[in-house]
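The two complexes that follow have chain A in common; it is paired with chain B in the first and with chain C in the second.
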Partner chain A sequence: MKRSSTPLRYTLLTYRLDHLWLPAAFWALFLLLILFVPQPESKTNMAAAYLGGALPLLAGILAAYAILDDPALELQFSSPRPAWRTLFERLGMILVIVGLFAFSYQACMALIGIDLSPLGGIALRQLAWLVPCLALMALGSAGAFALAQPAAGAMLVALIWMVELLLRSWFASNEWGRYLFIYMGIYAPQNPYLIASHASLLALSLLLLAGSWALLKNQERYI
Partner chain B sequence: MSRFMGVIRNEFGMSVRRKGFWLAYGLLLLFYGGLFVLGGQIEVSSTQAQMGQASAEMAFTLNMFFPLVGGILLADRLVRDRRLGVDELLGSTPLGRVEYLLGKYIGGLLSILMPVFFIYLALMVCGLALGASLRFSLVPLLAFLAIVVPAYVFITAFSLACPLVMPVRVYQILFTGYWFWGNYLNPEFIPTLNGTLLTPGGKIAMEGFFGVGGSVGDTGLYTPTQAVLNLVVLAACAGLALAAAERFLAWRASQA
Partner chain C sequence: MIEIQHLTKVYGRGAKSVWALRDLSLSIDEGMFGLLGPNGAGKTTLMRILAGIVSPSQGSVRVAGHDASTEKGKTAIKAMLGYLPQELGLYPELTARQFVDYMAILKNMNDEPARRKRVAEVLELVGLAQDADRKLKGFSGGMKRRAGIAHALVNDPRLLIVDEPTSGLDPEERIRFRNLLVDLASDRAVLLSTHIVEDIGQTCREMGVLSHGELLFRGSPNEVIGAAQGKVWTVTTTNGHKPNHGMTVVSMLHLSDGTQYRLVGPQPGEFPEAQPAQPGLEDAYVWLMKSKEEGARVKDEG
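Let's turn to the complex of A and B:
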């Protein structure tokens, strides 16, 4: 029991502070922008942009660096810990932090009277940030392990984030693109394919996470 | 001089030998290839002006994603030298700090410009093969120099300098957000650098030099003077970023 709890304690003790202050800084920045934007519709769009746009980008790039950027990586690999557990702890930590900021942001929006109901009911609102976060985290992680470089995973995340953002109307309406569209929950929440899009992204995320797990087992690739 | 050239050669080689580099550019080439073919963008231009406009539009489209990838890939170049102890090794050689930084800058810049240059080279060769005159075929090169190169000059400087004072992953997140915010967001929606002389995406040069497109808010096309000013401001910002990086490296060396 003691042995299994030590790495989690290590993760907490060596946790990088930018994982905390960066989402917090974005949180504050978006809140400020919302306060300064006059139109109510723009306020809702801005609130949605933080949840479904900024948080997934943060989560994806932080996930790419979650394991391979550890200065004590060799030491970590020398401990008798299954790869899935390391992956689960490191990515889980990022998801918990992102989740806390997402929930607190929604609470803050409710307090200042920003209406998030255009994004759907409570469950759909949570899926609007959770699904893209999971998808980009899985992509960042798999990309970093596949190329044995955290920067490569981060680059893939940034590329997909930007491509889908600039071509959002194409992705939302295309027969195949909509199943890979990470912004469906905030850009087209009334789209009849919303649930199918979320389901396909979740399935893809699971596949990428399984790939990350398989790649992480080949520890000698990263040392 | 040979030491300086050695740093450039070394940086260029290290940068282009990365698997992630070719994967990213390969994916982008596939993406753009599909976009141009599916969107019917490939047209034979009959006049030099049309050729210039088509090349400028292509440069602007390429600038949406290629500099983003380049900036992210270059972000760890200086930091990596410190992490691996290469900077200490270089510090014991006669290589000066300015030579080192400029060598890193030029090597990195050339490496991320190379894939886009090849695209334009292919266009020129295609033009020549189709019987166009050399002067006509050189028009895409002008778009490359006026729209593509300034964006890369700007982002390379910041991608080398900024990660010296913040974690690489933080810079990559901020840079990705910045590239969208500072180039493609409508200024009427939220305050943005888009539309100011600090816009590196190439919109001002595209409108000012090639007369393509229209500015946000129906204010008409940018003028050639504004385009020149845009290039000067971008170059000055890049110079300032490099100067700040040099001062930071000097300060850090004095603390060691």
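Let's turn to the complex of A and C:
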């Protein structure tokens, strides 16, 4: 059977647009902070903190709410649309939104002369926000489905985010911790294990997304 | 259309488990079928199982030959289903037309011109053509219900399941909604779940009564009314004394010379002047539930 994809306008219109205030507010807040911080090195660190720290946290929280916060969830479940497609469309839209914030932020940094080269070349710079965003989105989504509560998924994201932030030195140097370290791209971009860390986080993200898919199929847990 | 055999649904495990349905067997054909029962009887669970959202714990459910306990069967059922849940959540920023169109896309209606035509048709059918381009957030409760039924009909379903559709509607909207359901039942199976007796009496030729997850009755409204013959009485009191010895007061009417009570139960011994009355569906439902409660009490005492 041929399946149609949901037009973008419906994906946007059915999304809780009030959720977008948070990343937009952080975008503006970090920009203001950068403008007021005098040292160039601090400006770069602040810019990196938004891309590789704040943005993944927000992406994870938005992902936790992406499906279970739908006001017409029971109607969605009564449609023959497969679970993977719902998951793909909702998380894909959040990734697009986060991507827009990330690119516009980098463009803005370039305009005001903030040097992001310490994070690596253009490709590595994109991986520095994209990989942690994907990892925390997958975690938020799987956590929300496993605990059948979007707030619980968001709390799980915030907890991991905070623990890794506080123990960043340990995660960056530990032989197992570095493969789960979401801030490697901004905290230790020169680390020889950077690519391996990104690869392991991507693999973990895929596993968590597969778990989300399996959990979402059990619809009766969420209504 | 629907064949249910020994259906049991249990939520949770161990000591905290809740039995929503117990060994339920039922068959439903085309036309309008009413499912009546008090809150917590298991009606919504049954509706959700039939809609392929909830899985049975035991027993078999087949809808138009599709097994509701397998993923493949559930998908096939959903493709031929129209479902209006009790808690109708809508997208406030969508117009009625956009909402029905979006739901049609989710139901794999891919041919855009044909889909748009069908969306316009169902909005016309439910009386929302004039308001089709207004946002849902500005709709009244009745209009939201009608938008919900439009979505349920957009794929021309063979089975339409409506769960407590008239709750919260004003009398005029309720009558309009009931008439719409009767019209729709002419060429499909419509399963109406409700705790409002009048809705069943006005619309259904066949009905079932569910209580505590068990099917108490299955037949026509006339049959259940017949079972209550000789159990309905009217008593007029002048001292305001309300009869309550083993009887259920169904209604009361204030008259110039006292208060007339309509009672359901065995002969009211304390009122030898009680007059037998012709039972209605509401009386019969009360008698059925009362018999069930008394049967359970005798069983417990025994």
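The rule is short, and it goes like this: the second predicted complex is superposed on the first by the 212 of 223 C-alpha atoms of A that agree within 3 Å, B and C clash if a C-alpha of one lies under 4 Å from a C-alpha of the other, contacts with A are read in each partner's own complex, and residues count from 1 in each chain.
In this text, a contact is a pair of C-beta atoms (placed from the backbone, for glycine too) under 8 Å apart; a residue touches a chain by one contact, two chains touch by 3 or more.
The structure presented is a predicted model; accordingly, all values stated were derived computationally and were not measured.
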Contacts for A:M93 in the overlay, against chain B (first) and chain C (second): which applies, first, second, both or neither?
neither
Going by the contact rule set out at the top, does A:L204 touch chain B (first), chain C (second), both, or neither?
neither
Quick check on the superposed pair: does A:D18 touch chain B, chain C, both, or neither? Answer first, second, both or neither.
first
Is A:Q149 touching anything from chain B or chain C once the two structures are fitted on A? First, second, both or neither.
first
Which partner chains sit in contact with A:L166 here, chain B, chain C, both or neither? Use first/second/both/neither.
first
Is A:D69 touching the first partner chain B, the second partner chain C, both, or neither of them?
first
With the two structures laid over each other on chain A, which partner does A:L180 touch: chain B (first), chain C (second), both, or neither?
neither
Quick one: is A:I61 in contact with chain B, with chain C, with both, or with neither? Answer first, second, both or neither.
first
Quick check on my understanding: which residues of chain A belong to both its chain B contact set and its chain C contact set?
none
Taking the complex as given, what residues does chain A use to touch chain B?
16, 18, 22, 33, 37, 42, 46, 54, 57-58, 61-62, 64-65, 69, 147, 149-152, 154-156, 158-159, 161-163, 165-166
The chain C residues in contact with chain A across the complex are 48, 51-55, 71, 75-76, 78-79, 81, 83, 85, 87-94, 98, 101-103, 105-110, 151
For a test of understanding, state which residues of chain B touch chain A in their complex under the given definition.
18-20, 23-24, 27-28, 31, 64-65, 68-69, 72-73, 75-76, 166-170, 172-173, 175-177, 179-180, 184, 189-190
So in the complex, the part of chain A that touches chain C is made up of which residues?
1-4, 6-7, 10, 13-14, 17, 70-82, 217, 219-220, 223
